[in-house]
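First chain A sits with chain B, and in the next complex the same chain sits with chain C.
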Partner chain A sequence: MLKSKRSEYAAAAILMAPFVVVYGVLFVYPTIKMVELSFTNAPLIGPGQWVGFDNYWRLATERQFPLAVWNTIYFVLLSALPSTLLALVVALGVNRLKGWVQSLVLAAFFLPYILPVSVVWRIWSWMFDKDFGIAQYLIAPLNGGQHLSIFRTIPLFMPMVALVTIWWLLGFNVLLFVAGLRNISKEIYEAAGLDGASRWAQFSRITWPLIWPVTVLVLTIQLILQFKIFDQVYLFTQGGYRVDTTMVMVQYIFRQAFQLNKGGLAAAASVFLFLLIIVMSVLQYQLLRGRGQR
Partner chain B sequence: MIRKAFTATLACALLAAGAARATETIVWWDFLSGGDGVRMKAMLAEFNKEFDGKVHIEATTLEWGVPFYSKVQTSTAIGQGPDVMTYHESRMPLGISQNVLSPITPEELAAAGIKSSDFGEANWKAAQGSDGKQYAIPLDIHSIILYYNKDLLKKAGLLGDDGKPKGLDGVANWDAALAKLTTKDVAALSVPNDSASGWRPFYTLLNQQGGQFLKDGKFLDGDNLAKAETAVGEMQKWVKSGWTPANTEYAASIALFTAGKVAMHINGVWEVPTMVDLAKKGQLFDWGAMQIPVLYSQPATWADSHAFAIPNRQGNPVDPAKRKLVLQAIHWFNEHSLEWAGGGHIPAYLPVQESAAFQALKPNADYVSLAKTAVFDPVSTLAGVASPVYDATGNYIIPAMMGEMTPADAVRKMRDDLQSQAK
Partner chain C sequence: MTAAVADALAPPTARRLSRLRHLDLIGLVVTLATVALAIAWAFPLYWGLVTTFKHEYEIVKPGIQLWPADFTFENYVHVLLQTKIGLWYINSLITSGAVTGIVMLMAASAGYAISQLNFPGRTLFWWMIMASFMVPIPALIVNHFILMGQFGWVNTLAGVIAPQLIAPVTVIIYKQFFDSVPKDFREAAVMDGANEFQLLFRIYLPMNWGITTALAIITFIGAWNLFLWPFLAVSSEDKMNITVGITQVHDAFGVSYGRDLAVAMLAALPVALVYLIFQRRVTQAIMLSAGIKG
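Entry: the complex of A and B
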């Protein structure tokens, strides 16, 4: 008995080893190193001297980093929740369609998701180009006949980037919701229909509680993803127009590390982002998970 | 047995390497993606043809600016990267401080036939570190110029009998000319809104007042601040008065000019091929290019220099034999730089720069005078292409130009921002 258990352990260890090794080498070790680096004044590559909490102190007291944190949170607010809700609405609509029409509509929503971010950026920056963009035909009348550079107008920048991001990533969320909706048994709706439940009652009493776990999942994925926003903001400020004003956290890390050669400071900012994402996602998941199971 | 197999494999590998030796490959990185990049590709093809079977250059063009320099820095640090790369002289202080560049010894230079006397003194010295070592070899001097539409200038009465613009010097004249050129359908001037394209006219106007951006480690010190404010104020006036369309992206600002929607365009000489090629196809009006007019007390134009450098690949240095080849190739490109001048640039190599062929080359001959009073970026690890100075331009000067902050506010913030990074 004991022997077989031991051999089971051995088998388990052997089977798990590849994952544990890869996880350790590619994730745990670099993470520990990053935390270590954040307490030094190291350049991007090479060792540095121990400086204690200097980097963290600098992050807290300088102007740029708090702004980057705020910009990131602002972007998450603009993108994570709206994109989740919109995906649910779209999924509910798609779910009512039948056959090839449904496939076609689903494909249409999913199409942007397969595009690389640089292509997404090109499409939108061409459409909204201040001088030659096609969207200016819509924008100019709203702006007193004048062309407007949307991505160079600071108050419009984050909302527009959020809009582009939602358009880009919506398809995946819709797919998750459609899968969730298909899992809800038809019989429940039939029974509710027999009992004379209105459409709203069906949604609020059946669909919403049963789709809740998927909603939490989508929201959590969105939250983690959007906290790491970099590509879109970086691309839409290409050319260096007011980069500081719209800078997000990963962009701050990128600049400190790769442009200014400050590895230690960049590591400290990374640790902060790492902790922020952990805290936010655990909090959010714990807070929301229970609700659907009342 | 295993040992035997191992030796056999090793022998095979060596043989293969020996066979490959017949044609040496030079891995080359550049950031030349403008109109001039087309000329460089032609030169590379010519080089590869001439040395067919002996040397082959494998060239890759990467994204100009921050992406290029970030990639160079990270790849050299891990012993990867090219055998030779293009590098801006303005960026050399930062590059040397980051240990990205490998010094080239006088013996190596001599062996390849490269002589310092074949280059302008300032141009040659700008490729040296504070340690006096040579880190790069210049290829060209490039600057910004004023492109103009002769038809539109003529209509506004700004074209002399010699077919060249007149009455653009001095702020009052310049402003009056811009006002005259602006009509209902046509604006006077386009300037791209990216930070690099904003820095160049700003630095030009600052130096035309005799202002210094960086002096003894201090940014915009003393009355230089007021001069910077004047320069930014002037640029703001162009947009505020409707002479310059606000916020035109780089490509769009060129398109506005080539479509005849603006009369003049400020951009680098590297867009000369764009105009030349369009004109050759009969798709462009009668155009010209000239040195930026002198708005203030003295002529001055921002300039930089493309140079060739060997990366300092950590733990995997470019081997001496390869270095020798690389330097010979660099010399070849300098000797053939008349073709590079077709990219709008002024050759750094004096035998070409002073040759009758280059002196007669159009349109370069119309603006080559700028070289005498060219001003290069401040020598600092914070200055140069893709540096904090460029970032600060995007954060303060461009917004001020577009009327989002006052010039006084912009230059003060720029000074404080850069000074805080100077520690």
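Entry: the complex of A and C
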């Protein structure tokens, strides 16, 4: 009995070892180092001096970081909520279809989701291209017959990046909603339909309450994901000017650490992002549990 | 639920709606709108693809040409011969393949140990893993870069791979699947003198082969599509992944829409193929990761 217990420990140690090493070296250690670095004035590589909360104070009082936080929130508002609602509408439509038509329609919505972000960027740069983009046929009439460089027009930048992001990621949300809708028993609708419940009554009294947990799930996944936005914003500003005006949080970290060599300040901004996402994740967990997700 | 159904059966709406159901105009409109939106959704991808088969003079010609007048592969031939796309492909294959292999092995072992073995610290590990899946990896970029610098892994493929190995979600899913394997299998195999490693690789993994392929596929797609970290970790063109490489070619050619898009389509090809072949597995894995059993 004792021997088998010891061999069980040994087996567990061997099986857990790779995970524990990776987890410790690449996750726990960098996290601790990040907090430590945020209290120093160190460059990206090399030693620095302890400066207390100076970096955090600077983040709060300078112009750029609050702007980056605001830009991120603005982007999240433009992308997360619309893509959740649109996905629900699309899923309700897709759910009515049958057979190969349904598979084809679902694939049309889902295919963009599996593309690398840089491919998405290339496709939409071409769609919106100032000189030859096909979207200019729609844009020019709205712009007094003139072609418009969409991603260099500051007020349009975030909404258009959000639009591209919705195009890119909508399929994921649609998939979750379709699965959620399929889980609602047909018999409930049959019973309601038999007694002549209106379409609206069926939606508001049956579908909506039952799909609500999926809605919360999708919305919170999108919120948490979009707060980490970097790729699209970076790519669409590439080669452009006035990067500062449209900068988002991760881009700020990137700029401070890798372009201005301010490791300490970048780490402080990272800690802020880190805590923000964790708070939101805990909130998500509470929301999902509170609503009693199945 | 019965209350909701009873509410929905209010008589006045019944007569009005029974007439509508015969016509079902709304239903038809919803279906048509869904199909129309699906076509709009697929269009940018189609438009990007069809552009790659046109000659450059045709691409910049005014008007909308939905099919190339003179179908050509010259853009593909040019990028295959004139860019480092072959090298980027190999780099992407190596890094995504290595990430997938290591993550799967590590997660299966850890998931098995936590699910099936008793050892001190088991609960603690489980809670740490559960807590860490909410951690924002982009917040760790600064310290991952510093760490890779200390390892001497900056600008190497190992440096691209390492930080991608944190995969708590995979461990969680494995643990849940291993939990549901009936104990009888285990007891019978132990009677025959099987050790823990044989149990894992001969019984538990083969019994969960479906979920293993599903998880491997989305891990691979995720690693192939990742942009931020490979973009930071590598600076020389020879070490780039394809998703990063294609954002660099623009400068090398000057403006050539056909070639830019051809490189992008080649970058998307493997993930698009994997998705089209393993559609069901991909959707299953995505729903599992999102917390809904599919």
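In this text, the second predicted complex is superposed on the first by the 253 of 294 C-alpha atoms of A that agree within 3 Å, B and C clash if a C-alpha of one lies under 4 Å from a C-alpha of the other, contacts with A are read in each partner's own complex, and residues count from 1 in each chain.
Everything that follows uses one rule, which is that contacts are C-beta pairs under 8 Å (C-beta built on N, C-alpha and C of every residue); 3 or more make two chains touch, one makes a residue touch a chain.
Predicted, not measured: the structure shown is a model, and the values here were computed from it.
By the touch criterion defined above, A:L59 lies against neither chain B nor chain C after alignment on the C-alpha atoms of chain A. With both structures placed on the common chain, the touch criterion links A:Y9 to chain C but leaves chain B unconnected.
By the document's definition of touching, neither partner reaches A:L219: not chain B, not chain C.
When the two complexes are overlaid on their common chain A, residue A:L78 makes contact with neither chain B nor chain C. By the touch criterion defined above, A:L44 reaches both chain B and chain C. In the overlay built on the shared chain, the residue A:F258 is in contact with chain B and with chain C.
The larger set of touched chain A residues comes from C, when the choice is between chain B and chain C. In the superposition on chain A, A:D244 contacts chain B only, with no contact to chain C.
When the two complexes are overlaid on their common chain A, residue A:L235 makes contact with chain C while staying clear of chain B.
Look at A:S118: by the touch rule set out above, it reaches chain C but stays clear of chain B. Counting contacts by the rule stated earlier, residues 44-45, 129, 131-132, 238, 258 of chain A appear in both its interface with chain B and its interface with chain C.
Remark: chain A residues 7-9, 11-13, 15-16, 18-20, 22-23, 25-27, 29-31, 33-34, 37, 44-45, 90, 92-94, 96-97, 101, 104-105, 107-112, 114-119, 121-124, 126-127, 129, 131-132, 134, 137, 167, 170, 172, 175-176, 179-180, 188, 191-193, 195-199, 201-202, 205-206, 209, 214, 217, 221, 224, 227-228, 230-231, 235, 238, 250, 253-254, 257-258, 263, 266-267, 270-271, 273-274, 277-278, 281-282, 293 touch chain C in the complex. By the touch criterion stated above, chain B contacts chain A in their complex at residues 66, 70, 73-74, 77-78, 98, 192-197, 245-250, 252, 255-256, 314, 386, 388, 390-391, 393-395, 398-399, 402, 404, 421.
Interface residues of chain C facing chain A in the complex, by the touch rule stated above, are 1, 4-5, 7-11, 13-18, 20-21, 26-27, 30-31, 33-35, 37-39, 41-42, 44-45, 47-48, 51, 59-60, 64, 102, 105-107, 109-110, 112-114, 117-120, 122, 125, 128, 132, 134-136, 138-147, 149, 162-163, 165-166, 171, 195-197, 200, 221, 224-225, 227-228, 232, 242-244, 246-247, 257, 260-261, 263-265, 267-268, 271-272, 274-275, 279, 282-283, 286-287, 290-292, 294.
Across the complex, chain A meets chain B through its residues 43-46, 125, 129-132, 149, 152, 154, 238-245, 258-261.
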